[in-house]
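In the two assemblies presented below, chain A is common to both, partnered first by chain B and then by chain C.
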Partner chain A sequence: MAHAGADNPIPPGSAPRRMSSGMRLLLGNEFGLAVLILLTVAVFALTLDGFTSPFSIYTIGRQIGIDTMIGLAMMAVIVTGGLDLSVGAIGVCSAMLFGWLMQVMGVPVPVAVPVAVLFGASLGFVNGFTVVMSGVHSFIITLASMSIFFGVMIFLTRAAAFNGLPPQVQAFGKMRVLPGISPLLLIAVAVCAALVVFYRYSTLGRQMLAAGANARAAELSGIRTGRVIVACHMLTGLLAAIAGLMVTARTGAAVPSMAGQLGQDWLLPAFLAPVLGGTLLSGGRVSVIGTLLGATFINIMTSGLLLMRVGEFWILAFLGVMLLIAVLADRTRQVFLTSRGMI
Partner chain B sequence: MAATRDSALTRAFDNDWIGPGLVSLIAVVAISLAQPAFLSPFNIFVLMSAISVNMVIALGQLVIIGLGQMNLALGSIGGLVAISFVGVIERYGIPVPLALAFALGIGIAAGMSGGYIIARTMISAFIITLAGLQIFKGINLGITEAQPFYGVPEAVKAFGQASVIGPLPWLMVPMMICSVAMWYLFNRMRIGRHILAMGSNPHAAELSGIDANATIIWAHGISGLLAAIAGLMLVARLQIGQPTIGDDWLISSFAAPVIGGAVLTGGRVSVAGTFFGVVIIAIITQGLVMFNIDPFVVQIVLGALILWAVAVNRLREMRIARVQARGAGA
Partner chain C sequence: MTALQVSHVSKSFPGVRALQDVSMTMTAGSVHALLGENGAGKSTLIKIVTGICKPDSGTVSLNGAAVRFANPRQAAAGGLGVVHQERNLVTRFSVGENILLDRLGKRALSLVDYTSLHREAEKWLKLLDLDVDPRTIVSRLSVAQMQLVEIGKALSLQSRVLLLDEPTASLTPNESTVLFRILRRLRDDGVAIGFVSHKLEEVFDICDRVTVLRDGRNACDSAGLSQLSRDDVVRMMIGRAERITTRAPRPKTDAAPYLELRGYASGAGHRDISLTVRPGEIVGLYGLVGAGRSELARAILGLSKQIAGEVRVLGRAVHISSVAQALHDHGIGYVSEDRKAEGLILMHSVLANGGITIWRKLANALGLLRDTTIAARVGPVLRRLEVKTPSVHQIIGNLSGGNQQKVSVAKWLAAGVRLLIIDEPSVGIDIKTKAYLHDLIHELAEQGTAILLITSDMPEMIDVADRILVMDGYRIKGEVENDRSYDPVSRAIMGLIHEKAAA
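Coming up: the complex of A and B.
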């Protein structure tokens, strides 16, 4: 992990170091978010009719699964201090390939899933490779690639949806594993668990965090940061593809407009969940569980507001305000901790 | 001999707008040779209208690029301004000049509020303007419920359709005023110098006494104002207060300045280069239509253009650095 020298000036957004684990837990985003989620659920459950209905719980959970996956996809590249505007485009492209493979080529589902997911990873590779080779910030590279990926997809599909998918796909999207639990949520939780292990115990995962915290130090200690950054982008592509397939399962069709124009509609959930969860935009620190909690909080608020008959359009504005509050709260906490000498 | 040629070449390379200017010229000649209808008055009118609007959009992003930041909310500010303008006229019967002032005020306020948060918290402009994008778009859709306002006054409609002389649309006038104003701002005004200084080295700029907060807030205010003007020009052009105005500004607002040689890390912009960037994009888009090429290809071409421009800018930077190093050694 990152080495923060005790006498170095603290870079904005470095992780807390000299703190007891109990204190760290209390001041961490995860704990605060968990409390906030419990409070919100309690308030909504008591005041809103239908919030705790099995159907409501089921749909909220399913959407939490999808938003978590979108958030994790962005988180995987935020680690490096970069970003990927093309997550939505990659997700849609993978979903459309998934649909094409099954509907046009007659490929069975168990084959189409890994192919589509690997395709997402390869689009991520294109992003990462271009970023590393050109030395240009990932913002502008992925801005261009989102236009190209989405344009090629729309050109090839003629903007038409694949809605003759095998019945298993739709059945999966409507399935209930336990009463009120969608398999999509379970997939997201499983991926979270895998990522926690990956970042904590695998060499590559630790190298990603090190390269993100301080690229130069990482390079000096023998990490080939270029390769690691490419790997981060590939992980982003892979997770975005899984998110795309999950949306396809929920809708029962692969639709080119499922993430809006150029896939831009995914950008807000992609940043909101990790930022709420405490992932630092400057890189070097991830919070997988925080991202899951962030996505959970967003969806509980959204469905609560919908039940209160707040128009769905106003909820868009509300989500933007929430992103502002999240980053402001994060900054305030950092200032507070710094002033108390806790980081 | 070699030295003079080299320096002339370097100077040409150093000039941000020569390259894109030449490309635009060649593209116009090539397309009009292949397809004479390209230079028909009607086509020129359509082309110039598109260029006019897109130039103002690009200028709105250019200010922020000069500062070394980015403004994702540009399009959503333009859209909110557009529907507010038509909305207050349709719902409350407010006279056009008043509605204009109100709409431009919204643009400036929206930009400045984002700039204020960025300046005060030093959180990355990306994330603040992403939040802004969502908020302004949400307000836009909350007001309109995704339905357009149709009550555009006749005078405004006429402005979007009329030509000054021949095939040159009236829409060119605000575009030219904005371009000259921005050129003047960057080259002659203190605020413009401060923006570029902040963009090339914020630390040095602050040490030399530049008020960083004020500069950031002003830059975002100007960006919001330009977004508002572009939004109003689109209302005149489309003859309708569309809530979707601004949805597709993001890519082209970056593409044009980058093609025009702007350095994305800030500190270096070119109004003339940006103009030719806009022209190149417009010609290519229009050319694809003329040759009956799938309009979906435009998206791919735009993305490729950005990559191409980024690569050219990198090469040019490296070349200039090399020549300068050689000059220093001699």
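Coming up: the complex of A and C.
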């Protein structure tokens, strides 16, 4: 066989910074979202009184942190081309365990936090294990587990909230790190940074993307696809639990109804943030930063509309329309990728 | 009378010119062979004729009128019936329902008149000498009967042009004989029949005209078959006379077997499989479609349960239950026949595809790894295989088929596997890359890799393998020593496959 000569097709250690067209598209999505956010902020800041008040900025930022975490939780399982309807239920269950540990068992906060977070991961494990073992789509499995998790939680807690949490919890929720910045937002940003590293540099993260893009090819390349999918669901559970604890800190209490009946109030931000951000619903490609931007955009729109005294129900309808638009954009991305032979 | 005319059709896909200026004329009352190697453009041509793809330029005319079907339904309504290679029947429905599937009732809500439906279906079954009740559920039929039902379905649309894509691929010789008798009768009734096959014997048996495609161009356009010899046709298909191999048979190795199966049976249905592959040896596994070859490869990789017998790697009895185990513990790799669905992750980069097998190995204690670490391992292999890509970060779906195939081999070389199972290495790649891959397989064997080669391409098998195991019905029927003389070896192989039919 001829040795590669001077006209070597791949230069050794070729520049990793060269961007493919697909990357550019992705970047375009995040860039577009960032521009949209700036425009919206500019319009609202100029036209709405109180939009730029320190309090408003603080609460919007705090909510962005929570919605980002919810969106990341869903994103972690969308990677596989699946979904998890039980994110809300897992978040609430973990928060209730968190409250019970501290209020009833007298466990100190630094112990209760990791226990509750790991509990969320274990509920995610139940989801993932059932999905992989049964081969049934995660929609049905998590629809069932959502009802089971939530139902058992209501039974055990008798639907009563834990109001007597240690004062640090509520203090944390009301804390201002820098003027106008909630630690909840910083937690979300830190988790984003960790996930960027995770999906880009870790073996498991890469395996998740590979298994999500083409499970059969990944399996035949020596990836234990089943385990990887279980790990995705566990990551979802873990992030949902963190989101649940964040809501608990904001409220100052662990309340069974904090995510609505069955935790369904979380589903809209859970899908909206990652899909707006450019995560492919069919799996194999994520955008962590896009999810953060997606959550930012929804919250800015929502707060602006609330200040304009648009009714809550109209805002829900508006968010629904946003989800549809985001899904259509997702379809367009897929058609684009398919036409270039990438799916 | 000209029934179907294809004039100067060209078609490009991203990265590939599938067809260039291709013409073909099918006449009524004639069986027209459409020949070409894998990837020559036959399927694309059929897709264009039936409206699945749009040509970039050129025209298709049916019975003298230019047509441009938007989809296969329109083509069917226009009198162009197609029987695709893969079955397109609703197996839980009855034979009659399948034949008249698109005409069950006049309107969406009108009730189906089963009596007249089955009477109508019966007519077509009779025409095809198919002695089954139209009420029979299709899943109960044999493969050959299903094939005939599909032909009946195509004919029931009053098709005067019938295209058959490899109709005999999964038929026994006897079943093929029955099919040919029916095709001759249809031909005598004035139907224009297009016939795609890889089996030249059949082509000379039944066809009277031939169009050969090579690399997306006409190697010949609707020539009379009676003036051509088998050698002429082969020369047109592969661009030279019957493959004259330049490779001498390689000396036998007596190294201890790398992989050995003894009396192996799998959950996929394999029975009593015994084979050995030695380091430095290229063992071919030949058989017809459905013989269980790819399934055997998957079973070895642990995707099917081992239910009897022994699997030994380097003499040690092992039990492989996952591809990960096959790769990481036993150094076994598998190049899939279905590159797009199983071999590669098309939406990911060249680097991600080439390095997927070694991520685990390269990760540091924290499970982290960097692109530069991977590139350091994968880059040399990609360069050695002369993969042409603007950068290792290019999305692999954008590369040509040949380069994609090189990457799907490269990932196993990067992992340093000791046994490589290669399944249909030259499907959908150009002839140059194909020759290159054959050289590569030989080079790997020279360096001591054990190779198990699965291919349906007889010349490829005879050109590359050292010895050839013949498989049929999920069993090994026998072994043929390959001395690279095409006729005796291919006869010996076909003899082993058809032993059953003769017995």
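Just so we're on the same page, the second predicted complex is superposed on the first by the 302 of 343 C-alpha atoms of A that agree within 3 Å, B and C clash if a C-alpha of one lies under 4 Å from a C-alpha of the other, contacts with A are read in each partner's own complex, and residues count from 1 in each chain.
To be clear about the criterion, contacts are C-beta pairs under 8 Å (C-beta built on N, C-alpha and C of every residue); 3 or more make two chains touch, one makes a residue touch a chain.
As the structure is a prediction and not an experimental result, all values here were calculated from the model.
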item: Touching partner for A:Ala218 - first (chain B), second (chain C), both, neither; value: second
item: Contacts of A:Gly284 with chain B and chain C, given as first, second, both or neither; value: second
item: Which of chain B and chain C A:Gln168 touches, first, second, both or neither; value: neither
item: Chain B versus chain C as contact partner of A:Thr251, first or second or both or neither; value: neither
item: Contacts of A:Leu262 with chain B and chain C, given as first, second, both or neither; value: first
item: Contacts of A:Trp314 with chain B and chain C, given as first, second, both or neither; value: first
item: Common ground on chain A, meaning residues reached by chain C in one complex and by chain B in the other; value: 12
item: Interfacial residue positions of chain C with respect to chain A in the complex; value: 13-15, 301, 303, 322-324, 326-328, 334, 336, 341-349, 352, 356-357, 359-360, 363, 366-372, 375-376, 379, 382-384, 386-395, 397-398, 411, 415, 439-440, 443
item: Partner chain B, residues of chain A touching it in the complex; value: 12, 83, 130, 134-137, 139-141, 143-148, 150-152, 154-155, 158-159, 261-262, 264, 267-268, 271, 275, 281, 311, 313-321, 323-324, 327-328, 331
item: Residues on chain B engaged by chain A in the complex (per definition of touch); value: 70, 117, 121-124, 126-128, 130-139, 141-142, 145-146, 247-248, 250-251, 254, 258, 264-265, 294, 296-304, 306-307, 310-311, 314
item: Residues of chain A defined as touching chain C within the complex; value: 1-2, 4, 8-10, 12-16, 18-23, 197, 201-204, 206-207, 209-210, 213-214, 216-224, 284-285, 337, 339-343
